[in-house]
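What follows is a short report on a single structure.
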Amino acid sequence: MGGARTRPEPQTGARENVIELPVLAEGSVEEISGRTRQRARFRGDFEYPGDDFEGPNVNRWQYLPQTPPVEDLLVEEVREIEGNEREMVMNMGPQHPSTHGVLRCVLGLRGEAITRCRPDIGYLHRCHEKLNELWSYQGTIALSDRLDYLAAMTNELAFVLAVEKLLEIEPTERADYIRVICSELQRIASHLLFFGTTALDLGAVTPFLHSFREREAVYDVFEYISGARLLYNYMRFGGVRTDFPPGTDKKIREVLDLLENRLPEYHDLLSYNPIFAVRTQGVGVLSRDDAIAWGAAGPVLRGSGVAYDLRKADPYSGYEKFDFKVCVEESGDVWARFMVRMKEIEESIKIIRQALDGLPEGDARGQVPRFIKPPPGEVYARVEGPRGELGCYVVSDGSDKPYRCHWRTPSFHHVSLLEFVPVGHLVADVVAIIGSMDPVFGEVDK
Amino acid sequence: MEAAVTRNRSFRDFLIYLYRAARAIVLGHAVTLKHLFRRPVTIRYPEEEYHATPWHRTYPALVIDEATRELKCTACMSCERACPPGIIAIERAQGEDKKTYPGEFWIDMLRCMECGICVEVCPFDALEMVPEYKMTAYHPDDGIFDKERLAVVVRGPKTPWPRRKGSYLEGGWPT
Amino acid sequence: MPAWLVTLGWAVLKASLILGFVLFNALFLVWWERKFAARIQSRVGPQRTGRPFGYLQSMADVFKLLSKEDVVPARVDRWMYVLAPIVIFVPAVLVYVVVPFGPNLIVQDLNIGILYVAAVTSFTMIAIVMAGWAANNKYSVVSAMRAAAQLVAYEVPLVLAVIGPVMLAGTLSLQGIVRAQEGLWYIVVQPLGFLVFLTAGMAELNRAPFDLSEAESELVAGYNIEYSGMRWSFFFLAEFSNLVAVSAIATTLFLGGWQAPWFLPAAVKGLIPPVVWFLAKTYFLVTVIMWIRWTLPRVRIDQLLDFGWKFLLPVSLANIALTGLLFPVLVRLGWI
Amino acid sequence: MIPLSWVLVSAALLFGLGLYGALARTNAVRILIAIELMLNAVNLNLVGFSRYLSPHDVTGQVFALFVITVAAAEAAVGLAIILMIVRQRDVSDVDRINLLKW
Amino acid sequence: MTEHAWLIVVLPLVSWLLISAFGRRLKNEGDWLGVVTIGVTLVLSLVVLWEVAGGAATRVSVPWLVMGDWQLDMGYLIDPLAAVMLVVVTAISFLVHVYSMGYMHGDARYRRYFATLSFFTFSMLGLVVADNLILLFFFFELVGLASYLLIGHWYENLGPRLASLKAFIVTRIGDLAFLVGLAVLVLATGTTGIPELRELVEHHQVPATVLTLAAILVFGGAVGKSAQFPLHVWLPDAMEGPTPVSALIHAATMVAAGVYLVARSFFLFEPSATALSVVAVIGGITALLGATIGVLQTDMKRVMAYSTVSQLGYMMMALGVGSLVAGMFHLWTHAFFKALLFLAAGSVMHAMHTMEMHSMGGLYRKMPVTAWATIIGGLALAGVWPLAGFYSKEEILNAAFYSGVSGAGFAFWAGVISALLTAFYMTRAVILVFFGRPRDRHRYEHAHESPPVMTVPLAILMVLAVTAGWVNAPISHHWFGKLLGEAEVHLAPIVTVLAVGATLLGVAAGYAIYALRLVDRRAVINALRPVYTLVRNKYYFDELYNATVLRGSLRLAEWAAWFDQRVIDWLVNAVGYVAVKLSEAAGKFDLSVVDGLVNGAAAVTVGAGRRLRTIQTGFVQTYILTFFAALVVGLVVFQLWRL
Amino acid sequence: MTGLQIAFLALSAVMLFAAWKVVTSDIIVHAALWMVLSFVAVAGIFLTLHAEFLFAVQLLVYAGAITALVIFAIMLSDIRELRGEGEPAGAGLGRRVRRLVSRRLGLAPAAVAVGFAAVMYSVYRATPWPGLPPGDPAPSTLAIGRELFGTYVVPFELASIVLLVAMVGAIVLTLREGGREKEEKRP
């Protein structure tokens, strides 16, 4: 098997329809996301009504290549490996402590070295996108929380932004600031969890509990703001559900100070630990080209040296007003992805402080009717979630429910990277690599 | 500070690496040692309790008007219609004064996702999200809350903001 | 009473004492580790069973484990599956035969004491391989192979690190080594050896950061993945027994065993009985090992082997050479 | 008080078993194991003789040590060779490794 | 200090280790480390010499290897001989170290060079102080190894590579003899310690034949290492190495190791007239050989090399005629002036990038220091009063003159003729290189004086080349000789006259031929064409070795074949003839019975073979099975037999 | 019969039984583990013969090192063997006997082995052996050390060279050509 730098050859007939797009050196925003979309369409794992979407009654499946069911692919492959005397099949997951949910990785092992890795998903499928078509816009906000349940705020934000585009309304300025604060707090919470689980994957239990302790503090703030700790249902079209309660500012600042005190401890405890360094440096290298070609986003993309951040590249909710850096690491390994996230925590703290300082007075809620019926049309909105570009594609037929709601979730794309990144590594590295992709299976199995 | 991987480096670099590694390990142990003498953050639940914010959304409860000692609910069915998972069931009843009231009011708390939409849509403030999180039950049937289980008296200002002001209803449809 | 009966009686008594010590240790250390880890992690740890500190938690666990169903999965290699817990437990207990708890508190002072320890502990590997193989589970096989590689890799530096004190004391007998440390603990002259011993010892114990064979985040639980109930608890017991054993041996070799610190005046030395010194030092080392476990992440198998073969082994060899070079100096200084 | 002949007889039996194993089995690893058994038998003899024929001398034990050393070396090299053969020819069955044939 | 003399050996070792391990990170790749260390050892050696001169001597010996009841010791022995040698080695080594900093500047393997230099110094010093022959042999070999490494320093080029190999292999031949000699000694005496051996020899506890044998064998080692005839061939080739190395190894130290070895074990030679004669004759031959070849070499370094061979012959000769002091004294003086010459040659090479004397000329104007160094060195070598060479050479000739050893006469005349030739070729070299008109204009233009780091050692050596001889001159009351235990010096005037005469004659002839061009060289060459060809081709030694070593075995085989055919075949044929006759006598019987038997046996064998071939299954197990089956059967038979 | 004798007999019975299982068991991992048991029993016999040092060395080298090597070789060599498919499975005596004779060499190995043991036995029986000298010998560790570094220093050094050579040889043999960096370890 080749290294991770070369893309594996198409293993089955299904892949023959993959269009090999030329890798552009400095892809513009549109190019990258366009390519991502296009690739996603042909991968055959969801329907994507693109240019040839003609109306509600089109049978969209006819446009998709005939893909054998995933399970059959795996069975075939497992047989192939088992036929080989020198290789061993190991099922990592779906019930494995380190796959961050219900991911099943079919590993071909030679000794402990990975010869192939096939991620198998779908164990958490809840017909999320179908439910979106059945629930009202109102309820869809609440439902979108369940997508990436570790970053509910940004999910809501993506959906709300999409519907706002449909409705052609603008949120109030204060609402924008509040949204930014919540997004960044959410990013911090998510990255803290990432820190903990990475540590846990690498066998260090203590950092996990420490980071959860701080994450709880962030969740306290969320609870104070929205009344819920994990799934907030906080965003509203044209604003947010409720304004900040009094004292929120102080509470948030306390948490930020706490974090700033604790982050050096994290680094002492884990980040600069030599064992951690050797476990992560040079492991799971994802090249810049591969990262772009496979539609990686967020810290995974930035860890491979691509300074692409939607908050800068395609600002929304007034991110252009804030001064912050796009954290980039060049090496593309687990360590790079880890460090990108750790730096992003610091950047997020910066953003939140700026937003708190400049929080304008005014109404946090827009003048929008409770029950809405957006005009027919389609719209795509995207935000930079903690895991990367989170896109929401909404098609309205003018009713009070979305005709179609599709989510472009970063974790899904990152899980597909597992097909080639771990090859050549050891079993222990697979764990680290999965951890560094930080997938959330709520958004992988939509 | 930088913890570098040693690979193809000179002996001196190796020594430097060794020093850095030892230093990092010692620092890590210092952190854990420090924590040994810090206070635990655990809340020992039955003895101590977590005090959620008053507006914590745990479950929607039926508000009893303290003055009349009756439910505020008029069984207008707004919440039943708005509930995304559709877990609210109301049997409307009519009293002697022709006022409607909920004859039965069920919420399947096993499926409730605590989004609070029912509270938002209630025109009479008859529903309220309460921060009561001790909801354990011995039997799944106990998870379906009926009127009696749901009825609470809400005292004091529950939320720090006026509830009805700035409602969505007040706005108009953008043209 | 016939002589053989006396011998047998003594043997049984000693064996039961050791066994009691091992079991008590396991119970105590399980609790202690939980409490210790909890405090490190800003938690409280066990607190209910035996309020307010949960000191009966281990007992409760024992009862739980005893009452659990003894599952023997289908298609296991039955004999090996059944034997492995015993095979791992027996050497863990046998080690204590030569551990000198006090000047006279030793089961048998073998003149090849330290070699005996090395020989007996090498059985752990076989037991783990047995368990891993027998369970008919890929994770456990991989774990067993890891354990075997790891134990082979760390046995060598461990034994080589032992050579330093042996050279200084001029005897293989543990009691002899302790007695030789009356004037000075060997940790003062053998700091490198001590570190190597502790590190290799931790690797032998399969404790973090070297707990590759039971890496819960990779191999779920490794070789004991299919075990349950009391069989599983044998592995657990053996682990804690070995933990104490390694600490005790380290104490014996480097920390002066049951000797009081050499710099204390004689009057103070007499105050505290030797066995207390010994246990205090041992438990201190145990705690240190726990502390390390709860601080460091886990290394990877190839890094582990690299570390063992390419770092610890040369260091331990250097330690021997250094000891040989320093020996005359130390003699002249009157330190040994 | 063990008679020397006991030692020798059990050593001979062990040697016989090892011999049988080395001759009758075809798996290379297993043959190596059998050879280790034979070496153990030799060691038993050496130690027995050392104990009985020259009790004040440890020459026999020293030789047994050397035998153990050589056995370790033999095991290492032998197993390495077997691994190599397996890797090259994908067999560990000596019946299929017959390049010595005329 | 004397009792801490081991420091002198250990310091270069430390330097070697440090430069090897950390040189990359040291300033200037650690060259200063080597220089400083050797400087310190030089000081220490001088102190030791001072103390030894004051009567101190020491021997320390510790058990090294205990095998059963035989033990091998390791230790060092400081006596006047060793002390003198220490000073020689450290002094030259120090100067060479300093010089190398300039000469080797910018070399790709600068660090390795200095490390090896330190290593060489360490080995050489170890050799000097070794107190027993095995240890001495050990260091002898290490010296050879270091020399191999240094000669082959520029191993990218074919020349150095082959030269290093040649040096290594040729000296190995001598070392083999040495090793055998050692074995003989150990077997005969049971000890290897030099003082113990001396004790034994002096008390006549070693049989004379053994002694002679051992002495000659040990001398074999010296022959190899000191490039004596017939193993001198490696030394000129070794000039492929860096020039400072040549100065160090092939002038002052390593080649002197052979001489030192003989001096060290002189007590073995003293009682044996045969051994002494061998040494004297070999030395004489070498001296003559080197001198004659040196006359016709055109490569400056090779002239020096053959001169070295010749001078080493001198030293050997001196030892052979029974004068330890003369040999060592010449070693002492020669070390300085020959090192000077080599370093000067190196300086020339540094400037000219060639060694071919015919492309030089007139360099005096460009590099006066070097020229003066060469002149002084040359004069010292030629033995002009009052330079160092004069004293030592005179001493040697004197010793030979007075010696009663058979072969001393030959040695004396060989020495005189060599002196003449030496003076001649040195004059030739100096004139060709530094005077006259430049023959290679281009090179001449680019020639320049060497940097101070190279000229300063030259200057120091110049001083030493002038003064080194004075230590054993009347001016110092023959301090050196007394130090080494020589009773009284008799100087025969005739010897002095002859020596001075030969020298002057040589210088004059050289001057006449090369400077004044009084004689047509071509005419002389034509007159002496056969001799010229022979000498010009170095007496065909390399060819000889090629012929003997390479083809010798072939010839031997051919001869054996011839012998086989002519002698053995004849015998066989004769026997056959008789047999035929006999057979004829019993013809019928034979035909019917014997033939039948023979054919039958053959048929049985063939058939059995055909069948038994199938036993060769290729399965090792089958073979083992057969083996053990046979063993069992054999044992059973044996048991039954015994019953 | 003294305790020592009982111990000896028990140990040699265990040893022989284990050795028997080594050569007859179908699954090679079992064979390896039986081998361990056999080695341990041999170590025990060493103890009864007052060779404490050898006891420890036997355990260390055989039960520790060589077993690990063997297990590695097994795990890395042939998967069919691991599954017990390498040789015909044998349950029941009849099958076992059939396997014995159906092999390439037939009954010959057994015959040779039995013959060898029998011959040795007869030799041992026929030879008059000296009795055991009275008294327990002094601990032999020190004596072994002295012998090793005294009389047998050259063999000792040779043995260490043999080990070194074996080590290097094993490493060289098992090294993969072209380095495993490419193939397995690093991308």
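Chains: A, B, C, D, E and F, in written order; residue numbering restarts at 1 for each.
Everything below uses one rule, namely that contacts are C-beta pairs under 8 Å (C-beta built on N, C-alpha and C of every residue); 3 or more make two chains touch, one makes a residue touch a chain.
Computed from a prediction, not measured in an experiment: that's the story for all the values here.
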| item | value |
| --- | --- |
| By mean Cα position, the chain sitting nearest the middle | C |
| Most remote chain, CA-based centroid, reference being chain D | B |
| Leading chain pair when contacts are tallied as C-beta pairs | D-F |
| Maximum centroid distance from chain A, chain identifier (CA atoms) | E |
| Where chain A and chain D are represented by their mean Cα positions, the distance between them in whole Å | 61 |
| Intercentroid distance (Cα basis), chain F paired with chain D, Å | 6 |
| Rounded Å distance between chain E and chain F, as computed from the means of their C-alpha atoms | 54 |
| Rounded Å distance, chain A centre to chain C centre (Cα mean) | 45 |
| Multi-chain contact sites of chain A, meaning residues that touch two or more partners | 85, 206, 210, 213, 269-270, 273, 276, 278, 282 |
| Residues of chain E engaged with two or more neighbouring chains | 619, 621, 625, 628 |
| Sites on chain F at which at least two other chains make contact | 53, 57-58, 65, 72, 76, 78, 104-105, 108-109, 112-113, 116, 120, 185 |
| In the complex with chain D, residue positions of chain F that touch it | 2, 4-5, 8-9, 12, 15-16, 19-20, 22-23, 28, 31-32, 35, 38-39, 42, 45-46, 48-51, 53-54, 57-58, 61-62, 65-66, 69-70, 72-74, 76-78, 81, 86-87, 100, 103-105, 108-110, 112-114, 116-117, 120-121, 124-125, 129-133, 137, 140, 143-144, 147-148, 152, 155, 159, 162-163, 165-167, 169-171, 173-174 |
| Interfacial residue positions of chain B with respect to chain C in the complex | 25, 28-29, 31-33, 35-36, 38-42, 44 |
| Chain B to chain A touching residues, read off their complex | 1-5, 7, 17, 20-21, 24-25, 27-28, 30-32, 35, 41, 52-53, 55-57, 82, 84, 113-117, 120-121, 129, 159-161, 166-174 |
| Complex contacts: residues of chain C adjacent to chain B | 36, 38-44, 47, 291-292, 294-296 |
| Interfacial residue positions of chain F with respect to chain C in the complex | 3, 27, 29-30, 33, 36, 43, 52-53, 55-60, 63-65, 67-68, 71-72, 75, 139, 141, 185 |
